[in-house]
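For reference, the structure discussed in these notes is given below.
Naming follows writing order (A, B, C and D), and every chain is counted from residue 1.
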Amino acid sequence: MGQLAAFIILSVVTLVSAVVVVASQNIVRSALSLIPTLLGIAGVYILLQAEYVAGIQVLIYAGAITVLILFVIMLTEHGTGARFRQVNEQVLPGTIAVAVLAALLMAVFFGTAWPRAAGTLPQYTATSIGTTFLTSAILVFIVTSFVLLVALMGAIVIARRER
Amino acid sequence: MRELAWLIPVLPLVACALIFAFGPRLPGRGAYVAIAGIGLAALLSIGIFVEGLGGAKAHELNVRWVPYGQTALDLGLRVDNLTTVMLLVVTIVGSMIFVYSVGYMHDDPRFSRFFAYLSLFAASMLLLVLANNLLFLYAGWELVGLCSYLLIGFYFEKPSAARASMKAFVTTRVGDLFMFLGILLVFFTLGTFRFEEIFAKVHAGALEGMMVGGLPLLTVVAVLLFGGAIGKSAQVPLHTWLPDAMEGPTPVSALIHAATMVAAGVYMVARTYLLFFESPGHGALTVVAWIGAVTALMAATIAVVQDDIKRVLAYSTISQLGYMMLGLGMLGYAAGMFHLMTHAFFKALLFLGAGSVIHAMHTNDIKAMGGLARAMPSTYWTFLIGTLALAGVPPFAGFWSKDEILLEAFHHHRGLYAMALAAAFLTAFYMFRVIFYTFAGTTRSHHAHPHESPAVMTRPLWVLAVFSAGIGLVGAPFLGNPFHHYLHFEGLKAPAFSWGVALAGVGASGAGIAAAAAVYHWKVVPSGALRRAAGPLFTLVAHKYYFDELYAAAVVRPTLAVARALRTFDVYVIDLIVNLFGFAGLGLARLYRVFDLYVVDGAVNLLGWIAQTAGGVLRYVQTGRAQNYLLAIALGVIVLLAAGLFR
Amino acid sequence: MTLGLTHFLVLSTLLFCLGLFAMLTRRNAVAILMGVELMLNAANINLVAFNKYVAPGALNGQVFALVVITLAACEAGVGLALVMSAYRNLETVHVDEINVMKW
Amino acid sequence: MPLPIEDLWAVSPEIWLAGLGLLLLVLDLFVPSGRKAIVGWAAAAGLTLGLVPILGLVGVTPRTVFFGTYVVDGFAIFFKIVAVASTVLVILSAMDVLRGQTQFEGEMYILLTFTALGLSLMAGSADLIMVVLSIEFVSLCSYVMAGYFKADRRGNEAGLKYFLFGAGASAVMIYGFSILYGLTGQTSLYAIASALSGAPRPAVVVALVMALAGIGFKVSMVPFHQWTPDVYEGAPTPVAAFLSVASKAAGFAVLLRLLAVAFASAPVDWITLIAGLSAVTMTVGNLLALPQRNIKRMLAYSSISHAGFLLMGVAAYAGEFAQGLLYYILAYAFTNLGAFFVAVTVGQRLGTDDIPAYAGLGERAPALAWLMALFMLSLTGIPPTAGFVGKFYIFGAAVQNGLIWLAAIGVVNSVIALYYYVGVIRAMFLMPPASAGPVGQPAALQLALGITGLGTLAAGLFPQPFVTLVSAASLLLRF
């Protein structure tokens, strides 16, 4: 019961600030309210006994990515800010499409009997995740590092000015 | 010798590659190389033919190409009696035209390129002829189409030439689509492309009783294949590209659009004759015969009103191809092929003669010519021989082959026979119209100084003239018809020679010549009644652009014109016969031209137009806005979800 | 009523659709990117929730989620670099104004 | 769970490619800025050497390695060969284009090398996480390469559009994968396969469709195709060539593995779904190609329609008979790369990508024009070119699997396609040149053109060795 309450509070925080992200006329406010959204999701992860994922979520998402986004917003300030119309002419078709998709997804999710496997999550997921990354997900781990490398390189190539 | 048959297409191909690689630096700016290629191929073909006369067996050479499951696509060549006849025609006529082109194209800046294309064409055509399976045949078929496209548009500076090349390509592709479907159908029902295996399986009844959409499968296959022939051999209703194809250089018209490529459709029908023959109730053959007969008659009427010498010959070609189809359709396997052979020689001769005339006069308009007989004796005499052969005057070649077709038609279907006979009359009429306009009388053009063409052009004319005069004798009944002994279809027996049919044919030709002479030469009924009677008609013919206007306003004018013509008919009943000819010719011609211009072209253009328009409208979906694309993703997902969930 | 899988799925669906909505309607490329981040987070909620309720025996879902977070960071880096580079040349970050190429 | 050392042998090609990329990063530091072509040649040579470990794996017993996250089978090896070989060719073609255009010339070759690694990983991925990771790997590199010419407005636009579209599509795909995970509790495709047979149908449909969005984006399948023409037009031409061949081929590898393995016994009729998408894709691509005047846009739409033909191969995939699809990919790789390389040459030398600029190419550069004619005919599927054999196989597979209607639509589409392909031939041979003077070709490009031209002809004239290769490769590991 307490969990449910916590979930509801976290969901409300997440969704309300997500609505602000999506709908605000001020792009800076959008970016800033991304932080409570992402933190709310981190809380949801804790509810789901995924402390490690929650931690990473806070560090990378709420920390790094949001700061990066704010940086770019500041750097491109000339083209952003409240002076401009923030939405395009697709609001109506977009709304309809999103509503239809939401309805379809909800209907399918509610109608699906998800399988339940026996077993419980380990007590400390961080250790287990570490073990997983070094055993069964070793390839994933290595490839991820290469993806980070090329993303870094690509971002530098694109962002640096030509001399 | 037959083991060397693979060299026949390879020789011109090598010549083509050499010319492309080294161009004008080769001897004769490439022409000699090209002539050497086709000439050697001709010698080889003659050798193989002689071997065939000695009774050599059919020879096959097979190479495994694409493996497919248990079976495979084998590529290979087949040399049998049918092949040798075609090889002979293509290489000999081809050699003559190559030689002639040296003179005709002498001043062209793209001289070497021309010979490269010609060699490529020869190689593709020989490949088509030698193929031992449908797929190889189709490859050659498409390649000759490509060469035809390149050569019609050879003078690409002229917009009309560029347009004509595209029209030819597109129109024939419509036929090819059917043919390709037919080929696929054969492959997926019989599991092979090889003629020998196909025939064996069909003969054994592999397709018996199989139906497609209520029709016997075999008939459907044969008619689909025939669709390709309709396009390639310019049969109704896909014939409209051929007259426009005359935009190409004249040797091209002679080689590709008269003697060889357009005959490929006829050859293909003969090649796969068993499929047509075995179709229940000869259903497919009936289709072939009717299309052939309609084409023969219709094209002949149009030829009567043409003033462009090449266009007269083009319509004549269409008409004669119709004859060949009629022959094949009337169970005259040998007759059709015989006519193909004789026609190749005399029509090539006529085109080259026309080219010689054009070379001298710098115009295509026969009305602007006249009196050339004295200035160009070689051209005149050879052209006359070709004309007599085409008109079916004995003992020239055309008589023997045309007589055989008439004979077959007479025995199998009187209605088709009548149409063929009428076409024979018209053929003689329009050809002598050309003769009288071009060679008789005096020059109507004052600034032209006609002169005989150089020997490099006239010699090929004489060689072809000799063939046109004499080649028919190989099918002469009083010599025992050796052609029939060489080339016959299992289970078919040619009807015996009939004096009556022969005389009727000669009579039709004679009447045509006499009518032409009466009108254009002796002018026996030139003034007074006749001029009044024929006046409106022949003024119409003379005033070329009057026709153009007429076609331009085709919806209203034809009715008016018919009305006017009818009034003329009423008033001058005395000149009934002249009028009758005039009407039949003009009215039909006009109708057919309108039909061509607006219905057939319309249908072909419509297809293109629909595709273009659909593309043109659809492209605006591509707005260039990223978020429209993102919306497309969302909508795409929704539609696919809906399709998956609520199917 | 106790907290169950369906709750999380509803949350993720709503978040996904909000992200999609931002992607479809916001003119600013950075805002579109934020929409993408929301969608990825929605997927992550699914993954972690399924991991707990459907297959708690292994940590595949959480590993998947971590990989997605990493990829999101990479995408943000490269994407924002592209936005910057476009902004320098075209002087706009509004994607509906960036449509030279079409049809 | 100890790390299985013997599995390292199975990923030796990937190790080589990764090491090569790192080596080139270091090499690039020491090469002075005017001579970055050295990095290019080194990358091309290294990638060519990379074919050795790949070929060393030929004939390996199909199996999964690294705890079921990765798979080595003939199928994966085939796509690795295609990926690495086409990357080599693209690097050869890119050298002339990049020279003097950007100070980051060396980085492009490194990115291409790493992309080849990503493509190889896509071909062998046997786990949802690996699939996502490798697709994103390739995508991230591709976004950067598409927007590589930063001073060019079209380049900026191409990069940004590609990124936005790709990010959206992959977000949808990842969401779909999360549902797939929820339905099965597994991420390995092979484990999913068995778990999915009893799964509730609606949720499976959702998972499939959403997954198709991401992969459909990679292979430019309608309706996830719209980025294609804009990105091809704006990106550097060698990159467009790369996207149209290498990344599309790898996309098909993933698509087929996902469908044929994970969804093999799922309660959805994916064959009909893919067949329908195939018909729509080839028709839309063809119709839109008709009015194009820019060669890169035309080739973009044509590549969409070819995606439709390839989807026909996917739909007709039954049992062990993937030869049609694979042969088509092989033929398409040679032909389309060649066509793009001609476009590279003409674009570099004449400074325009408009088809009318090809007028008179038959006189100005006969070899180039004839090669282009060959590629156009092969794209149409006219014998005796590689494209014909590919079409023949793919139509044959479709007919054998009862998709006759799809084959008929395919035939009609190939006829439509002829119009715009022949338009190029017509421009080259039947239009007067705007200016005289020959069109030169740099050596590296000539090499690339020669290889593709030879391949197009050889795969049309002597299909037997290629068929052997393809038959060996059609062994897709299935449980």
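Of note:
Keep in mind that, in the parts below, contacts are C-beta pairs under 8 Å (C-beta built on N, C-alpha and C of every residue); 3 or more make two chains touch, one makes a residue touch a chain.
A quick note: this is a predicted structure, and the numbers were derived from the prediction, not measured.
By number of C-beta pairs in contact, C-D leads over the other of C-D and B-C. Overall, the chain located most centrally, as judged by its C-alpha mean against the mean of all protein C-alpha atoms, is D. Between the CA-based centres of chain C and chain D the separation comes to 26 Å, rounded to the whole angstrom. For this pair, chain B with chain C, the centres built from the Cα atoms lie 65 Å apart. We define each chain's centre as the mean of its Cα atoms; on that basis chain A and chain C are separated by 6 Å. Distance between chain A and chain D, defined via averaged C-alpha coordinates, is recorded as 31 Å.
Within chain B, the positions touching two or more other chains are listed as 619, 622, 624, 626-628, 630-631, 634-635, 637, 641, 645. Residues of chain A in contact with at least two other chains: 88, 90, 93-94, 97-98, 101, 104-105, 108-109, 114-115, 117, 136-137, 140, 144, 147, 151, 154-155, 158.
Residue positions 129, 133, 136, 140, 143-144, 147, 150-151, 159-161, 164, 168, 172, 182, 185, 202, 205-206, 229-230, 291 of chain D are each in touch with at least two other chains. Interchain contacts join each chain to each other chain, per the touch definition above.
Residues of chain B that touch chain A in their complex: 627-628, 631, 634-635, 637-638, 641-642, 645.
Interface residues of chain D facing chain C in the complex, by the touch rule stated above, are 128-129, 132-133, 136, 140, 143-144, 147, 150-154, 156-161, 163-164, 167-168, 171-172, 174-175, 177-179, 181-182, 185-187, 229-230, 233-234, 291. For chain A in complex with chain D, the touching residues are 104-105, 107-109, 111-115, 117, 134-140, 143-144, 146-147, 149-151, 153-155, 157-158, 160, 162-163.
Residues 1, 3, 11, 18, 21, 25, 66-70, 102-104, 107, 110-111, 114, 117-118, 121, 127, 129-130, 133-134, 136-137, 140-141, 143-144, 147-148, 150-151, 159, 182-185, 195, 199-200, 202-203, 205-206 of chain D touch chain A in their complex. Residues 88, 90, 93-94, 97-98, 100-101, 104, 108 of chain A are the ones touching chain B in the complex.
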